[in-house]
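In the two assemblies presented below, subunit A is common to both, partnered first by subunit B and then by subunit C.
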Partner chain A sequence: MHVPDGLLGLTWPIYIIIAAVAVIYSLKWASENLDERNVPLLAVLAAGIFAIQAMNVPIPWGTSGHMVGAALIAIIFVSPWAAVLVLSIVLILQGFIYGDGGITALGVNIVNMGIIGGFVGFYGYKTLKGIGRIPAIFIAAWAATFLASIACAVELSIAGTFPLAAGVASMGLYHAVIGVIEAVITVVVILGIDRVRPDLLPDWISSRKTEAV
Partner chain B sequence: MKGLVEIDREARKESFMNNLDGRIKLISALLIIVYAVTSSNILILGIMEIYLILLIYLSNVSPKYALKRIALVLPFGGFMAMIQPFFQPGNIIWTGPFEWLHITDYGLFFGALLLARVTVSVTSVVFLSSATSMQDLVASAQKLGVPYQLAMLLNLTVRYLFFFYDQLVNILNAQSTRCFDIFNKKTAYKWRLRKVGETITMMFIRAFEQGENVYISMVCRGYSENTRMYQEKGKIDFKDYAFLSTTVLVIFSLQLVTMFVI
Partner chain C sequence: MNTKNRNFLIGGLAIALFIAILAPFLASSNPDGLDSTVESLEVPESEAAFQSPLPDYAIPGMEDNPLGGVVSLVLGTILVLVVALGLAKLLSKKGNTKNE
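Entry: the complex of A and B
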């Protein structure tokens, strides 16, 4: 889903502006809602997500993919802005160090993986948590990946580099499967943290309920 | 991730390009990329690529290494370029056996143009990251006006990339000593996925714990919310201006050629 440079025609500045506004807002959110302890934590977590994204997971039909982690961050930090910030850092470094995702395409990549991934993951879980913790995490993480890929197909179609129907069908089908893997891993990670370090999880996702004093 | 160490090693080599100011290289690379993605002339992009190869040569980077890095990043852009001839409108120059597949002249040109744009942009990033260390890149971005909060987060992230690379390698080595192979189809897919999830959980928890440790050690050294990162004062000298002027001149000349010659 990392869009490289050159595929967006002249539409890339629009996404750069949207992403810049979102990153500035996420920094504002971090300074207003996080204590100073969490600032280095976000940075170290971004390094962790960078490493996690480097781990390739086999996909049943022979290829491989990797986790994005936007829904995971948004759910654990109880805000989609945390995902925007962490994914922006990861995407900036991936773009400038590896060339994985373009520089002029940084905006579109932040919009898809950070903004759409984070917001769909967060509000997906918020809306669905009534049906149960695990199914809600699963659906939210799956939808975050799936909808981000659909957005990617639409953006490439607007730029005239991929036909809309074929783009939505191929990207959608591929990421519907990748989304299942993202969803399973997100559930496993949250359950794992819940078992080993439950103190790291906020109340809305933890199996431990805060006892009233 | 494996390439991270190689990239950092290349960026710390001694060369004419490595000794230039990071800001100048960052601005030059951005100018080249922006020009490449807006250019519609394959010949001009070819000349731009030759200029970048020259810059990579001046960065004391082995051509084999640079080519390998470019080839690793190209597949997605290359795939997108390769499908263009089949759906872009234009005069049909080839029709497939079942008549639903055809290649158009404009599609062929557009595909080649996309491939040229992607290649120049990726080469530009390879040049930038081979000639500038990651810390220098972040420091340059901050000097150029990136908000200090974002610069600090980027700086901290860069410092811990290598730590997590080591962590991941340790985990994967430990798994392989127990004969675990994620691509081994003889084991159940669900089980392998669970193992990946557990590995990521471990990485995530280590990231959290490392974040806490980093915070404590930063506090011990006087960190507070009003802390500002130290910025080494780098002076831009004649060779930096000369390099930037050369890049601007190359772009300007190519644009003139596009407008009046080709």
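Entry: the complex of A and C
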């Protein structure tokens, strides 16, 4: 759901400002929470997210979609700001080097995929973790992609590009399916890390501890 | 960085590069959810505001060769790793000195 240039009318600077404020918060989070132990994990996941965003999976209706990765980062680093940081790095490089997402749309793309994806993933998992680790991760990751796409449709309708109902229906339909891809990969990556380096995972998703709460 | 973390970094990068190498061959070329919506709602095509050096992950002049995509994605994956590692290290160091 990388928004290209030209779809936001005159509204794009609003999102640049929101994204810039969020990026400052994410840098503050990084300076307070990153240490020698989790820096390699953050860097590897950022590289993996960049690569997997190029792996579009076909879905019905002649469409395709790819993982975003914000929920994964937010859950593993126990903070939505971590997702804002990682997705901002990925989206800035994608925009400037590959033209994937417009430069004027960089703000809206960080808002949708970084901020909304990260916050929905984080608070979704926080709310649902009582139902069990895997279903909670699955639903939180699905909701992160789905709600980011709904936000995208609403933003494009505010800009006058999409009619609201048709835009939300179309984006929602496609991303309800793409969200399943997001959910499956998020669960697989967390289980994979849990197998090779459980010490890198926080208590709330590590299998070392039984789910309390 | 201790050996365990270095091995994790190398292993993780290997998986990311594996995906980057396969993506140009395996990825669907169908429009994504947003592009499909743009098409079905008949929104006029828009122009990019900025000319990126490697548009659509293709090397200019070899747009039809998937190897161009491989090179471009491998470089991008390494670049993201280096930028994330550098930024995170810089910030985590700053944090440590601030606390003392």
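FYI, the second predicted complex is superposed on the first by the 195 of 213 C-alpha atoms of A that agree within 3 Å, B and C clash if a C-alpha of one lies under 4 Å from a C-alpha of the other, contacts with A are read in each partner's own complex, and residues count from 1 in each chain.
Simple rule for what comes next: contacts are C-beta pairs under 8 Å (C-beta built on N, C-alpha and C of every residue); 3 or more make two chains touch, one makes a residue touch a chain.
Since we're looking at a predicted model, the values are computed, not measured.
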Exercise for the section: With everything superposed onto subunit A, say whether subunit B and subunit C fit together or clash. Expected result: clash
Handout entry: Contacts of A:40 with subunit B and subunit C, given as first, second, both or neither
Key = both
Practice task
For A:30, decide between first (touching subunit B), second (touching subunit C), both and neither.
Solution key: both
Practice task
Examine A:134 and indicate which partner it touches, taking first as subunit B and second as subunit C; both and neither are also allowed.
Solution key: neither
Exercise for the section: Once the structures are superposed on A, label A:67 by its partner contacts, choosing first (subunit B), second (subunit C), both or neither. Expected result: first
Exercise for the section: Mind working out whether A:174 is in touch with subunit B, subunit C, both or neither, as first, second, both or neither? Expected result: second
Handout entry: subunit B versus subunit C as contact partner of A:149, first or second or both or neither
Key = second
Exercise for the section: Please work out whether A:185 is in contact with subunit B alone, subunit C alone, both, or neither, and reply first, second, both or neither. Expected result: first
Exercise for the section: Mind working out whether A:17 is in touch with subunit B, subunit C, both or neither, as first, second, both or neither? Expected result: neither
Completion exercise
Clash list for subunit B against subunit C, restricted to 77-85, 185-193 or 239-247, contains only 77-85
Completion exercise
Where subunit B and subunit C land on the same part of subunit A: residues 2-7, 27, 30-31, 36-37, 39-52, 54-58, 64, 89-90, 93, 95-100, 102-104, 161-163, 166, 196-197, 200
Problem - Touching residues on subunit A, where the partner in the complex is subunit B - result: 2-8, 10, 12, 23-24, 27, 30-31, 36-52, 54-58, 60, 64, 67, 72, 85, 89-90, 92-93, 95-100, 102-104, 156, 161-163, 166, 181, 184-185, 187-189, 192-193, 196-197, 200
Handout entry: Sites on subunit C touched by subunit A in the complex
Key = 1, 4-6, 8-9, 11-13, 15-17, 19-20, 22-24, 26-38, 40-41, 43, 46-57, 69, 72-73, 76-81, 83-85, 87-89, 91-92, 94-96, 98
Exercise for the section: Mind listing the subunit B positions that touch subunit A in their complex? Expected result: 1, 3-4, 7, 29-30, 33-34, 36-38, 69-70, 73, 76-77, 80, 83-84, 87, 114, 117-118, 120-122, 125-126, 128-129, 134, 137, 147, 149-150, 152-161, 163-165, 167-168, 182-183, 189, 192-194, 196-208, 210-212, 214-215, 218, 223-225
Handout entry: subunit C-touching residues of subunit A, taken from the complex the two chains share
Key = 1-7, 27, 30-37, 39-52, 54-59, 61-66, 86, 89-90, 93-100, 102-104, 149, 152-153, 161-163, 166-167, 170-171, 174-175, 178, 196-197, 200
